[in-house]
Structures are given as structure tokens and as C-alpha cells.
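Please find one structure pasted underneath; my questions will follow.
Order as written gives the chain letters A, B, C and D; numbering starts at 1 within each chain.
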């Protein structure tokens, strides 16, 4: 086991031959002598390399920028950065097209005329900030600071979200939201394990990887990290081959590289998981010891009131026998048996679920079902299993005392929380957010800040969200580009692009070790733009001393230094560098030494910024106490947390009573009753019967969430896998196509109850017969010359459905009919 | 002596008339043609300015109309010199009114065809690189050399037999005497001069045949020297030559019929000429089919996957219509028309010839495009739609051909007058002698 | 008098004809030089010189033959047109 | 004399397409407008093929990166009329943009359709011109271009090696694609050097070459269990 562990570390340290090869060839440019040689050769054009963090998506890969006389000309992966180990993705490579993009907002803009009119007037930074500050002061004076909302589209854990949170708290508004679903997605783990964090999977040491719609090579939180692991698994020179089985409605990039692809009806992943659980239980393939000692609610049990409750086992046995499941999922019973047996018999095997499983109305329950398989396999605290990464020892922002106005504002109910019983586990629900603001209920929103992301482009109910943006009197956007969303802004305070700004990221979700990445400017700001973080500091100073106190830094850079200083003092981990093999690092740390290559913080800082990050590969093996923060202190098949939440809801809506309970459960779209509610179970997705085909969307590496659409290179490459460029397409199974008389490369109409879009058909044997799929990312109505008007946005015809538990939009819950466009 | 001369002039007056009498029709045609040519020229300049993007070519179909027409025109050019040379060699007496027309076709079409590769270049401004940095290993250079050789040879071969006629024009006086004087090279019609001229012509016609064959073989090499499916085939050389002669004869027939109509040469071009030639056409059609058949049979029988991609692309795929209409035009129609006496009228022959010319153009299309459209790698098959530029340059090329012919007929007799005379004066006796020579002699009475 | 201007005109035309013949020779020689140049290039780069030479062996003679045929005809015409004249005088 | 070759491990390659992007960025390959891509004139020096096999539901998809194969016996240079494409002693098949007359014969002759043509003058927005790679010359309209194995990088590496008078180390010279491949599936090195990774891999039982039967002897070698 130790050796396996070391393999893992070896990989991350880049010692294994393949990785070493892949990441060679830049260290020689960092050192001094070669640099001089290079200079001598190249004459005037002086080449320098700067390490920073890619900001194209939330993955946070380390990148090296090649600069000639200070001008960035090339980007490659930072070979020493542990997340991507020198690897990169296409959209990362086209980052220079973000920096030099002709459509950037070059100075603060003030809208003239109606919203969405697209007419802008330039305004000086000072006036713009003063204008906003005055509004905010005014609100505070009338004691309504809570009527300011801040929507942060970045899904990246780091300093920025703390920074904004601190600002909002000091100002006195509970309405700071990260519109990404990162927090919502932790709902299942909150229920089963009481942990508010996404797990990481020790894929390297597992022999059998069963993925429920988790397209980790393409849509995962850090595709390149997983690609590295994949290539290591496939490196035939290494230990025996790991089998990867991908359950998905279409052949995603992950499915294409898996050993086996199992087509499944959208929205039925949970049922399949429980069907597999059935076999595991029936054939005694589960981890007996773990189940006995560390799980709760597996067998039927009696509570202290002496009432016996239904257990996971009997629920599964009585409801999810393979034939039944096969009917629901469309997966043959024998396939279910086969994968269940492989899963149970290969040690160690791990189960992960994402996109397909999560992005649906039953996402939470499905994910619970999937995760409970890990429990059956006893996949906790062991190699090739599931584990949770510690946070890096970073300094929290200094405490401050909020004044009574702020205190009052913070006491208010967040505007994005449902007024009725919906979305009990949602951290942010775009649905409630829009509804409540449109109804001024519980209170109106006067100022809305928009940072990163492009929520309008991604939300299901475009129309309502647009209305919301129209309704809010002052919308301030930090976008460096004019996106669909910022078309509705009143003031645009252009942020730097990520190549011009300071920032700090830590622990990319699901990445298997603690790490910190420093993003730093590789070129002086091209235009009169400012780092949003600094702008916020300025605002706080303009607003009120008490607010200013909360952010006692003259610049965001200092703030980063401040938070990193603790890292230096902690003496844990090490600054990433080729020199230190992580095994060596581990050896030293076990003996309580630290790698003293820097004797002052300044030196630490210099090295940190030069190499681009810090990491700590050592994973303290946690005992089950830390893993299961549930009432029972165990893995809860029967989620008492959930039971409590439901009960609380019932109390708040007029006390315990059968009909009341019925009402609540009904409002949550929960069809089952009794104890089953709190057990992992399958909830059928409500779909319109009159439509023949499932409609799903998927994302591509070239344009993960529509953000790369303003980069010509990515627009051109968009559909390189099917040779579609600058254009969307719909994947249709040849047999389905024949049925509807559709030929390859002909345009088709896709019609849903919401509306219809015209897309080019591409026949593809790699998709389920009853499913059609359109890639997400194109179809912009704004966002610059390269984005506007190319392709179609599939979101526009999705029905406005959500997971009623955690408020995630349901991307696979719409059915459509297709016809040849004439 | 003198009176005889005048007599002959009267006899062949019809042949001189087009040179000395210019109707409105002439100016009209020339005007229209010039307009077409000017437009084509404009389109070409535009292409040079913007780049080849204005054509319909793409990846993987990197060659289009220009190369197709290149092969096509060079093919047509085999009408003349080759045929007239063969006819001369075989002492076919009926050749006399035909040879000149044939040779003129060659000279003009060859010039047009030879220009096409240059039209096709992405950087015509660099065409001189061929002279400074050329590589004789490249089949393109083989073309350059062989086409130049063929062009010089056939112009010479056109010019020499014209000398006596030019001399006649010179002696008639009237327009351009000096010009004709210059070209006639002091021809007096003395026996010795005749001897010299005949000897030269005889050497030439022996020489021209291999050159002509080599030209089209080399053109086929452009394709067959690559490794592409559908191109990499040994049969291509002869296949192209046969095709060339085939289309050449058809073109010749069309031209003959046209002039017969326009200049009222019924007296010189008799039905018999057409029937002889069309028999040759029929034979070529059969020969062509035989080659096509064996070409595709080997492909299908071997069934090498990439070969099959290309073949299916032609048989059932997007090019099915072109392929099958090619078969109809080149084989079915000609064979039906030409093998029945009652169809073998001037009209019938004209119809057959036109279909053959179209068919042969389709054949070139079927050879060039499908192989390119089906790359060996898994890239999906490409498609090609010619743009307006390519069409207009195609039409322009044809216009140049017609114009060239019209102008030629304005300055020189398109039927070799002196050969006609020669025919009248000597050939009858000569043929009689010849025929006698291969008849069995009078039986010896053994007494 | 009439004869003299005739002869002068003949002279001009005759020189023009000579010029045309020499043009043909220039053309042919140019081609030969070009091909030889290509051969030398291919030899320098050792880029399939064999083929180049083989082609030149065929091409160059062809062109020269063509040119010489023309010259032969031209010379033939003129040499003997004079002798013919003598013959006629002799009559 | 080294012989530069590339090994692409299809078992490790996921088909993420980063090699394509890295290549375009490094070599200033023009970005083709939507209208032109519709015409089929898209330009990738490193292209990606998708191969489907098997019947639903047992479908297998394989993505195969396709650079220029730098054949040892290249069909393209044989047919070039003006020495515009050549193979150098180190086995790199190069393209001389300033001599190319744009006859596209090499494209027609290449069995791997590895070459692309500049149908129009390549264009960039003014802003993007500032971040073009100065090491790679820009192409003009009407010439053929293709993957060069990032030969300009070899120059730098050579000069470094000379300056320290040593041999070029294995893996010191890497094209953009292999350098940034996140799956480390693209190896690059010297086939003559028996110590090099590439040499060892080229001897692997999984190794195969595309269209080997044509005798073009490509120097891009694929590794796969499936084939």
C-alpha cells in the first residue's frame, strides 16, 4: 500500500518518466546562465517567462507565459505546478486572445438610454466610484444596506470570495452569492456525511473506476488534473491497467476514453446506482466491517421512541431489483449484474458521479445513491477510495466589528433563499433569487454587483432573470467584456483580464491535495482597467470608516501577502519546484522538519511568485470522526440531517401534521413517503410525455461555459471532434435520424415546450437512440465580434426546472421533438 | 501554264473567299468573343488579387476546374497533328481537305491548355521560379517540356504545309502581300523546293507522333505518379492518350461541320469524309470503353478499401450523375449513332461528336475530383463546387479557341489548296499505280 | 529600276526571314540552357539527377531537330530557287 | 546525424485537442473565418481525426491527433516543381514559403492530407498581431504550409547546445504539441539515439505507422493496444 501511495506522489512530483518528458524544457530558461545565452543569441528580443494561474475556468492550472521584451507571445503549462503538471487545455492556450481582445472594455462605462440599448458613455473611475458609493451610503443611511446584492460568477475557492464576503458583511448585506453550483453540489455529502465539501477520489490507486455521468476529462472541476491521472493510469509501463466504466447518455470525452461505455436514459442514474447496490448486497460484495461499525441506517433500526425505521438494505432489496431498474434506466439487467460484480470484486474500486447525475431535478438523491455505493465498498480513509482535502493554512481576513447598521442588515433573510419550503439545501438558487427580487419580497434590491461569469447566458429562465436585471435600479458589472449580462448593467467597472491582475486560488475542488496558486500580472494593464478587488477596497474607503476597517489593505496584492504569510509561518508543505520530490518532502515533514530554502518571508514571497504556487501533497489519514460529522457520527444511509431539515420546514409551515408533511414533501417533488424520503432513492424526473426525445446539453474543453466564445481560436476549434467550426450541432443517433428522415449535416429544428432552435444535425453512433445532445457555449447575443451570432444556445429551450433540494438547474430534464428544417 | 493556273483559281475560289470577303457576321462574332474574353480576363485579375479563395477549391479538394480543363484541352489538341500525321503516313487520300483544320486546332488549343496550370497557381508572380529553381523530377516539369516540344513541333507542322498556299496568296497580290511574302519563304513551287518541303514534312510527321503520344502520357503521369487511390495506375498513360485522340476527333468533326456550314464547303468536305472520320470515332469510343472498363474492373476486383471509397463515390456517391452520364455520352450514344447507317448523317455525327466532347470533359472531372475528395485518412469526404470565376475562365478559354480559329481563317485558307490541287493532278494516277502495285500481276500464259 | 526596288524589298524581307530563323535557334538554345541549368541544380542538391539527365537526353535533341528542319527548309528553298532561275534563263 | 521523430501514444491520448491549440499559437497559424471554414478551408497543422467503430451500444470512439508525418520518403517533395518543400538531413520535411508557387501538387500527392493552403491572405486583428510568435515567419496568400515539427525551436536548442558545447539532450527539443500535451501522450526525440524514449517506444509491440504499406516511412509513430 505504501508503495502505491508513493507512486501517487511520484506522479505528482513529475518524477515518472512520462511526466518528466512532458514537462521538460523550461527550467533551463529560468536559471541565469541560459537566460544570458538566450539573450546573446536573440539580441534585442529578450525572452522572459513568468508563472501565473490560468483564469479561463475554475480549474486553476499553473501556466508559464513566454514574454519577448515584456509582451506575452506564448503560453504553456507550468511543469512544476501540481494541478496540471505542465498540461493545458485548448481554451487555456488561447488566453492571449483574452488579453489582446479587440472587444475589451477599455475604460469605465456608463449606460445611456434604456438598459440593453447597448449605448455607453465613458466615465472617469472617480466619478463612477463616487456615484456608486453615494448610492450605497444613502442605503446605509436609511438602514437598508441589505438591499445590496453581489453575484460572483467565479466558481474558484480563493481569496476573492472571502474578500467580497468581508466587504458585504461589513457593509451589512447578507446577499453575497457565488452563482456557480459549487456549494449546492455538496448537498449530498452534507446529508450523508455532514461534510460541506466535495470529495476527492484516489483514482490512481483504484483498479476499477465507475463513473456515473461524471465527464471528469472534459467538464470536471479540473479536466487537466484528471487527464494527467488518466494518462498515468494508461501508462502501460506502470502497474496493471485500471478499468474505467463510464455511464452516460452520450459518448463524452471521458466515455470515449473509458474501457466501457454504458448508455443510460437521462435522469435515471440514481436508479442504476441502487440497482447495483442491490446486487452488491445480494451477493455479499459490500464491506461488512465498515457497514457494521461506521454506517447508520443500513439495516432496519428502531429509534429511542421505539419506532422501527426502514433500512437502506430492505429498501433496496424490495424496490431496486435489476429487472425493475433495467426498465427505468434502459440498461440491460445482465449489464447491471456484470458491473456490480466487477465493482464488488475488484479491490479497490471507486464510484464517482457528476454532471449527468447532478444536473437534474433528482440530482441530490441520485448523487446520494451513487455515493452510498462508496459506503457499501467501505471506500473511506483507504487507498483508491474517497477522501477530503484539508484547507491550506492561510490567514483569514482580519476580524472587525460591524456597526449596528451592518448588524441589522446582516440579520435579514438572504434574498436568494426561497420564501416557501423550496431548496432547503441551496446555498444559492437563481430561481428564488429572480422570483423574490421580481416580487420585492421580502425586500427589493437596489444595487446589484456582477463579478465574473455570465449568469444571464447560463440561466434557464433567461427572460425572468433579464427582467430582474432590468428592475434593479443600479447594476454594476466588473466584466472586462460586455457580456449578455452586462448589457443590462448601468455601470461597467472593467476588471483586468487574469493576465494583468493579482489573485490567489486554493484547493481547486476535487483535486487531491492542498495547494495554493498565485496569479500575478504578466504585463502592465493595457487599458484603464482596475482589479475588481482593489475597486472594492476603494469603495469601502469611500463608503464608511467602519466598512473600510474590514479591509485594512492599500491594495489586493498586500492582502494576498498577508494571507500567505501564515503559510510561511506554518512551515507546512513547500513552494512548488522541480527540485523537491514530494516523497522527499513527505520524509522530511514526518520528522517535523521543513524545507528551509527561504529564511525570510520576503524570500518566501519571491520564490512563491516566481514558481507560481505552494502545495502540500501529504494527506493526513483522517479517522472516521472527522469524516462523518453526522448526528450518529457515522455514514448515514438514513440521513438524520435531512430528517431534521424536513421537520424544521414542517414546523415553520404550521406544525407537524400529515397533510402539512404531505404539502412540504410535495413542494419538494418527493414522490416517496415515510422513511424512504431520507434514504437514497430514485425520484422519477417529471417530463412531458408528448415529446419523443430527451434533450441534453454538454460542454467541450474548447469552450467550457461559453466564456471562451470571444476567442477566435476557440470559436474555430469549437467542434474539432466532429469537424464543425464556429458552429453548434446536434448529435443524433443514425437510427433516430433515419426515423425522422434526417441526414448528416442537414439543419434540423429542435422543438421543446419552451421554444425551438435550428441546429445542424451530425449523426453519431455514440449517443442513445432516444437522446439528442447540443453542445453548450455558443449562441451569444453579445460578447463581442467573435462571439455574437455564431451557433445556438441550447439553454434557451430548456424547461425551467430545478433540483428542489439544492436549487441546481436541471439540464437534462427537457424532452423535445425534432424535424428536418426546410 | 498560265491559263491552267487561272482555271484552278476559279475552281478553288470558295477557299479564298473567306479571306477576302468580310461580312458583318465576322465582326459580330469577334466582338462577342472579345467581350467574353475580357470578362474572363477581369475575373482572372481579380483572382490574382484576392487569391485562389475566389475559386471553389478547398481542402482536401485542392484541384478543380483549372486542372480538369488543362487535361481536357490538351486532350482536344491531339485532334490535329496526330490525326493528320497518321492520315498522311497512311497515305489516306481523303485526308487532303481535313489535315489543315486538324493542325490548326492543335496549335490553338495547345496554347490555351498550356496556360491553365499557370491560371491554377496560387502565386503566378513566382512562376519564373520554375526556370531558376525547377526540379525535373516533378511531373509538372515533364509537362512543361513535353508541351513546349509538342507546341513547337505542331506549329512547325502546321506552318510548313502552309507555305505553298501562302505563296499563292502572295501571288494573288491584294492585301498583306509583304506579310505573305515574308511567310512564304520565297516559295516558287520549283520541283526542288517541292522535294525539300515534302522531305521536311515526312520527317516531321514521323517525329510528331511520338511527341504527341508522350505529351498526354506525361499529363496522365501528373496523377499516376502520386500514391492517391484512383490515380496510382499504370493504365493511365495509354488511357489518357486514347481519350485524347477520342475527344480530338470529336472536336475536329465539330469544327469541320461548322466550317462546312459557314463557308459553304460542301464541295470539299463531302459526307464520305465525315463517315470515314466518324468510323474512326466509333473505334476510339469502343477502345475508350475497353480502357475504362479494365481500369475500374481492376479497382473493384482488388477492392482495396481506399480505392473502393473513390469508386463508390463515382458509382453511387455524389459523382454518380457525372460518372454515368460520362458513360452514356462517351459510349452508348456514339456507338448507337455511329453504328447505324441511318443515323450516320451529318446531323447525327455532329450530335455524337458533341456528346463525346462533353463526355470526355466529364471523364477528366471524374478523374481529378473524386480521388481528391476521398482522402485516405479519416477526415470525411470533401465536396467541390466551382465558383463563378472558374466557370467564366472556362467559357473564356473556349472563346479564345473560337476567336483564334476565326482569325486564322481570316488570314489563311483552312483547307490546304495546293494539296487539293496535288490530289487532282497526281493522286488519281498515283493511287491507280499504287493499287495496281498490290494487285496480282497478269497471269503468265505458258506457251 | 523596277527590278532594283524589288531587290531592295526582297533584301528587307530576306533579312526578316533570317531573323525569324535565328529567333527559333535562340529559343531552342535557351531551352537547352535552361534544362542544363536544372540538371546542374539537381546535381548540386543531389536531388534525383538521373531523372533530370534522362529527360534532357530526350528533350534537347527533339528541339534541335525541329529547329534544324526549319533551317533545312529555308536554306533549301533559297539555294535552289536561284539555280531554278538559272535554268529558266538557260531556256 | 539525428533523426527527429514523434511517437503518439493513443492509449494515453484523450483527444482533448490541446495539441491543436498549442500548435496554432506557436506557429502563427491563421485563424480562418466562419465562411471559409464552411468552405472546408480550415487550417490546422495538427489536426484531429475521430474514428468510430462497433455497433450501438458497443461503440468505440478513438481520437487521433494528426500532424505532418515527416516521411523519410515523402511523396510531396518528389512532385514539387520548385524545391519549395524539401527533407533535410535530420529528417525534417520543410516548406519554403517564399519559393512556393502555389501549384498545390504536394497537397494532392500527400496521402495523409497533412498540408493546408492559404486561399486568402491570412489576417489577424491589429491587437492580435502584437502577440504573434516572432520566431515563426508569417505566410502569405497562395502558398502551402504544414507542420514543421517546430523546427524554429531546434535552432534555439542547437545554439544553446553549441554554446555549452554538448550534445542536444533527449527531450530538450520539443514541438509545442508534445511539450504541452496534458496526457503526455506525444513523445518527441531522436530515432538514431538508442537511449532516447522515442527510440525505445518505436520498438514497442504497440507501435504502428499510418498507411505503412505505401512505403512513405512516416516518422510519426502511433502506439495503441487497439490497432
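The definition used in the following text is that a contact is a pair of C-beta atoms (placed from the backbone, for glycine too) under 8 Å apart; a residue touches a chain by one contact, two chains touch by 3 or more.
All values reported here derive from a predicted model rather than from experimental measurement.
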Using the contact definition stated above, find the chains touching both chain A and chain B.
D
Pair sharing more residue contacts (C-beta pairs) when A-D is set against B-C
A-D
Using mean Cα positions, find the chain sitting nearest the overall protein centre.
D
Distance from chain D to chain C - Cα centre to Cα centre, in angstrom
52
Report the inter-centroid distance (CA atoms only) between chain A and chain D in whole Å.
35
At what distance in angstrom does the C-alpha mean of chain C lie from that of chain A?
84
If you average the CA atoms of chain B and of chain C, how far apart do the two points sit, in angstrom?
26
Touching two or more other chains - residue numbers and ranges from chain C:
41, 47-48
Residues of chain D whose C-beta touches two or more other chains
42, 50, 78, 83
Return the residues of chain A touching two or more other chains; collapse runs of consecutive numbers into ranges.
723
How about chain D: which of its residues touch chain B in the complex?
36, 39-42, 47, 49-51, 64, 66, 75, 78-84, 99-105, 107-109, 111-113, 116-121, 141-144, 210-211, 214, 216
Could you list, by residue number, the parts of chain A that touch chain D in their complex?
17-22, 24-25, 28, 34, 37-38, 40-41, 45, 68, 71-77, 84, 86-94, 96-97, 99-102, 217-218, 223-224, 227-228, 230-231, 234-236, 251, 253, 255-257, 261-263, 701-702, 712-717, 720-723, 725-727, 733, 735, 764-766, 769, 790
Footprint of chain D on chain B - complex, ascending:
50-53, 56-63, 117, 120-124, 126-127, 129-130, 133-135, 137-141, 222, 225-228, 372, 375-379, 382-383
Which residues of chain C touch chain B once you look at their complex with the stated criterion?
9, 13-14, 16-17, 27, 31, 34-35, 37-39, 41-42, 47-48, 51-52, 55-56, 59, 62-63, 65-66, 69-70, 72-74, 76-78, 80-81, 83-84
Touching residues of chain D toward chain A in the complex: what are they?
9, 11-12, 14-18, 20-22, 24-26, 31-32, 34, 37-38, 42, 44, 48, 50, 52, 54-57, 59-63, 125-128, 130-134, 156, 159-160, 163-164, 171-172, 174, 176, 178-185, 187, 197, 206, 225
